[in-house]
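Structures are listed in the sections that come next.
Shared between the two complexes below is subunit A, which has subunit B as its partner in the first and subunit C in the second.
Entry: the complex of A and B
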């Protein structure tokens, strides 16, 4: 097949870019185990308040797991429980969150923690809090009249 | 009877003189822009917790 020399160059360039980008995504998913925050773990939204671990929102130390702490959040119109929480610097934490009523967002501003909370589903994200500071949690899914008033805070302290 | 022209020695001329330098330059311009934005967003992702 006849192909112009320059045409061959940009086809190789484009194809290799595609291969590199897809490899990075593949390594992230299959080797590092990154996945969407909600992986089909379910909970009855009407009895969230009584079920473990959502009966005690907040930070809990756990043993024998890949992470040291579990940070449990329950969202409802128009607040998060707990409204403020302290996390020790350098702690490996699994953030576990769900909602009691409608769809809420869970975005810890300035970090990669950004999940959608759907009624009936549990969203999780495991990370190491390795930068001290105060982080604002905001709802980024429009949930009703008080949507803009919905926030919480994580303080990463030494 | 009509004579078939299967054995003619005629060659198809391919005009290879058209310059594609401008196209190559714009492809690389766009490609490098995409790579730079992709890498910077990826860096942001890796740098945050």
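Entry: the complex of A and C
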């Protein structure tokens, strides 16, 4: 099988770019810790409302951890609990969320917080809120008739 | 538009009938699915509401199922069936009968699923994620569609196998080889969705089991969901590699490399489903990243394809005396719809592919996951690159099969159709991409999200989508006019089924390309490597199962 010289150059160039690209992504994920949300903890979706930390949705100050606050959300058709929450500016926050029923999305518009909520699984993402203002949380996975009415708000305050 | 007087080889009229049966279903799906698409963009503009209790998510389900599953599968099977017939000298009676059985099984399945959607018993979108629980007839209908497509595909494989038996030691005709690669990939891929439907969703919707393992079901779905998009794309590649060169009057740059790129697609299209599940809990990030790497392997055959196509164009242009770095570009047959309509599709694949690289990249996906950026992305890949190529194919294939001719007037209308599509999609897909970057979610009806300032910024983009959607719907009307003309009213005549020859006829494709044991073995090894351990993890660490929910609006 014959390969034209220019095609060989083209493919070597393209494949080298690909290797560099994948290395950058890999280093970013596993050395710098920018992995997509992939929490492996499970929970019983039927009793999630009685279990810690989901029995008390909202912002909680924590001590002795790598983050200062835990922000707990419980999703169910077609709302999030809490429906609105205030977060201090510059706080390092671990967002912990799950769903009581069907699959929901958890996207904080304008940030990198974007994760799937699946029944039986806990989704987590740690981030710092560096800009004051109101952030909209939208459900970005179809969950039924009121899917587009499902939202919550994070107010980042000084 | 055909001026060539060379001997024409025709698809056997009995095979033509079966292909046309597929196309009637495909273009009916386009008509109805296109109307649904228009209505969706109008609803989301916030300026209009659906009448008579019709629900946004119901028409979204109709649009997704008809465009993503029915139009594509029926068109592809019809096209590949004709391509195999044309390049092998026709199907046997047994293969033809098999093809018809497959066609009817698919059609019955489609009608079963469609009925349930119309009755609002299955507003679960075309991805039907558990624990949303549709009526069992919906899942059974989907099973029929899948099994029907296997039977339909078996007809192509039977004819390919017969050709190989009759021509020992010879490489098979390129188009037949490509069609069989795509069919084989489809069969391997659909095993995943068949498994979740048959073993999880069907028993669960019938009440035989109380709960479903959601993550297993999603993982099996996405094992199928990504090769699904390559199943759409490869027939377009068949046209670009093996048909377009003939239309422009050039040659295939390299027959062997075309085959190699198809084999690479077979190997690297399947073990990659996790890149649709990057933001999901319950899957180890190392395995996600491993599948991200495999996902990016398709960059290599894509680069090969881009090189081959433009090499063909340039060589043809230079043979016509074109000079300078880009002089060859001007002499391409810009007045021929059979060329320019797929060419617009090819051009759209450049930004579409770049967007795909973003989506599949581990971290960047977090910015765009499930935003309307994704919808914009696959309206460039599937709904422009693939679909415009399919339209371009039908503009010569339909008259070829019905014994008619593509007239000058229809050719002109087809070119207008291509540009209308381009303009409509630039508005719609462009606005979707921008809105997605701002966080606007996909698959959502109009909403102000409680007067949110962020959501207010999305609305102008939604209006732009409605403008684009309206232009695209005009494009669909043009396609339908041309299709009906070519099927029933165009003047009788001979329209060529263009099949290109390789530039170098001396160079035979290596026979190792036809060694199915080898390629299926490697494909299976890659799939097992990418999925076995994470899949066992998912099952072993599973939470309690989910009962079913019906959260959509009912009649």
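Some notes on this structure:
Here is the rule we go by: the second predicted complex is superposed on the first by the 144 of 158 C-alpha atoms of A that agree within 3 Å, B and C clash if a C-alpha of one lies under 4 Å from a C-alpha of the other, contacts with A are read in each partner's own complex, and residues count from 1 in each chain.
The rule is simple: contacts are C-beta pairs under 8 Å (C-beta built on N, C-alpha and C of every residue); 3 or more make two chains touch, one makes a residue touch a chain.
Keep in mind the model is a prediction, meaning the values are calculated, not measured.
Applying the stated contact rule after C-alpha superposition, one finds that A:21 touches each of subunit B and subunit C.
Judged by the touch definition given at the top, the superposed model places A:127 against subunit B, while subunit C stays out of reach. Of the two partner chains placed by the overlay, subunit B and subunit C both lie in contact with A:10. Shared-chain residue A:2: touches subunit B and subunit C both. More subunit A residues lie in contact with C than with the other chain of the pair subunit B and subunit C.
After overlaying the two complexes on the shared chain, residue contacts for A:112 are found with subunit B and with subunit C alike. Where the contact sets of subunit A with subunit B and with subunit C meet, they give residues 2, 4, 6-7, 10, 14, 21, 110, 112-113. Contact residues on subunit A toward subunit C in their complex (touch as defined above): 1-4, 6-7, 10-11, 14-15, 18, 21-22, 25-26, 28-30, 34-46, 77-78, 101-103, 105, 107, 109-110, 112-124, 134-136, 138-149, 151, 153. Taken together, the subunit B residues at the contact with subunit A in this complex read 14, 16, 18, 20-21, 23-24, 27-28, 31, 34-35, 38, 42, 45, 48-49. Across the complex, subunit A is touched by residues 55-57, 60, 125, 129, 131-132, 214-215, 218, 253-254, 256-257, 260, 277-286, 288-289, 292-293, 296, 299-300, 303-304, 307-308, 311, 357, 361-363, 365-367, 369-371, 438-447, 449-450, 452-455, 504, 507, 509-510, 541-546, 549, 551-553 of subunit C. Those residues of subunit A lying in contact with subunit B across their complex are 2, 4, 6-7, 9-10, 13-14, 17, 21, 24, 110-113, 127-131.
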